[in-house]
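Alright, structures below, take your time with them.
Heads up, the next two complexes both have subunit A, just with different partners, subunit B and then subunit C.
What follows is the complex of A and B.
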């Protein structure tokens, strides 16, 4: 029952942070980051299993893997960017958080460029 | 035809299921909109491309992917290359500038009567121009060697008017002598540096520290 572990870690960390916030706010931030990383690592192995299953099915039904690979990369980038941005927001650094989000968006658009251009190419070919 | 329809339908259905599954995993934030947009594009391509493929008009997505990522990589490398080149040229300019300053100081110190020299130069740092590295101006700050000095830096002296005796006359003469000698030394330094660096004399600024 991994969910119990994760929820337990989350609740313990929240109580710790609530106690530490008034006395030592700098340690409470570190506890929050560490908890985030631990929970993410606990889930990461399951996430990779899900993705490998999806990948194997895409090969079975002959889907173009280019689509899926790009989509998965984009989701990974989104996760990392959101995680970083949330940590910064928790620490009260909203400006840095928005910069991280911007960086995430730019990287996602850069990855999506081949998809967008191929769509445009399709439209051009459809037009008589 | 039936085979094509079968594979086309399977493709679309699987892709839709995958996209729905992946959208559940997407963190809810500002980036979610972008992911929805991209997944929508992918779905459109998956629907339209096989249809065009039957008319031999479709596109090869892999080729597109490779071509586009190559193009973007090339642009990125070009950009970082430019930054590197600028950094390298700045380093080269700094080394060159320090070397020139060292040479000026060394040569000026050999002139009799000069103690310490501090030099500074302004050079053309625009590496794209043909005159890159050209020395535009030279600044020299000299301190005189007091023991062997022929010339001492003297602040301007107002004429002293004393009614009795010849004191006022002697002071005025002293001042004139200093100025002449100073100009001689200045000329000597200017000549030497102008020859050394091949610049005009008016671009050499000499100050004597008191």
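What follows is the complex of A and C.
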């Protein structure tokens, strides 16, 4: 199964990083980044299947595609920001990690503004 | 796909570490520094390629 392979890769990579940590910490950091990338790429096919199912459902219920597209974009931004922040935290750079998280939040709020405005207009329309 | 890349990079790291020690013991500190830098550049190129691959996957998947 997939999960066995992923856990195996994670443990082996952790051991390799432990070996490299004392001698070459910078290369061990790059091995941990690469392991994260490989594990995500292994799961990516399942994730895109789930997203396409979500798309088909939203078309069936004819939800406006703008909302779902924005939602998916926000999820993507959140994932990438979290990936970068965790890598920086691993390397011991807490300050850079928090800046990346701040930037991620700002970008997400900027993306969410049109949805919020359309929601407010809807509420105002409903109000007597 | 990328799994063998993990082992390749770990092997490069260990090789650079050993080479570094050998060169330092034989008194050539500056060459040891050069091999370390070379190792880091090679590893960085491979990791950068994989990160670009990750970003492309996320971009296509989440319809950026």
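Everything that follows uses one rule, which is that the second predicted complex is superposed on the first by the 126 of 128 C-alpha atoms of A that agree within 3 Å, B and C clash if a C-alpha of one lies under 4 Å from a C-alpha of the other, contacts with A are read in each partner's own complex, and residues count from 1 in each chain.
As a working rule, a contact is a pair of C-beta atoms (placed from the backbone, for glycine too) under 8 Å apart; a residue touches a chain by one contact, two chains touch by 3 or more.
Owing to the predicted nature of the structure, the values given are computational and were not obtained by experimental measurement.
Shared-chain residue A:7: touches no atom of subunit B or subunit C. Contact with both subunit B and subunit C is seen for A:75 once the two complexes are overlaid on the shared chain.
Touching more residues of subunit A than its counterpart among subunit B and subunit C is B. Contacts of A:44 after superposition on the shared chain: subunit C is touched, whereas subunit B is not.
By the touch criterion defined above, A:53 lies against neither subunit B nor subunit C after alignment on the C-alpha atoms of chain A.
When the two complexes are overlaid on their common chain A, residue A:109 makes contact with subunit B while staying clear of subunit C. In the superposition on chain A, A:28 contacts subunit C only, with no contact to subunit B.
When both complexes are overlaid on chain A, the residue A:18 reaches neither subunit B nor subunit C. In the overlay built on the shared chain, the residue A:67 is in contact with subunit B alone; subunit C does not reach it. Note: residues 47, 72, 75, 79 of subunit A belong to the subunit B contact set and to the subunit C contact set alike, using the contact criterion stated above. Against subunit A, in their complex, subunit C makes its touches with residues 1-3, 5-7, 9-10, 12-14, 16-17, 20, 36, 39-40, 43-44, 46-47, 50-51, 53-55, 57-59, 61-64. On the side of subunit A, the complex with subunit C involves touching residues 9, 12-13, 16, 19-20, 23-24, 26-28, 30-31, 33-35, 37-38, 40-41, 44, 47-48, 51, 69, 72-73, 75-76, 79-80. Residues 47, 50, 54, 57-58, 61-64, 66-68, 70-72, 74-75, 78-79, 81-83, 85, 101, 104-105, 108-110, 112-119, 121-122, 125-126 of subunit A touch subunit B in their complex.
On subunit B, the positions that touch subunit A within their shared complex are 7, 10-11, 14-15, 18-19, 21-22, 25-27, 29-32, 34-35, 37-39, 41-42, 44-46, 48-49, 52, 57-59, 61-62, 64-65, 67-69, 72.
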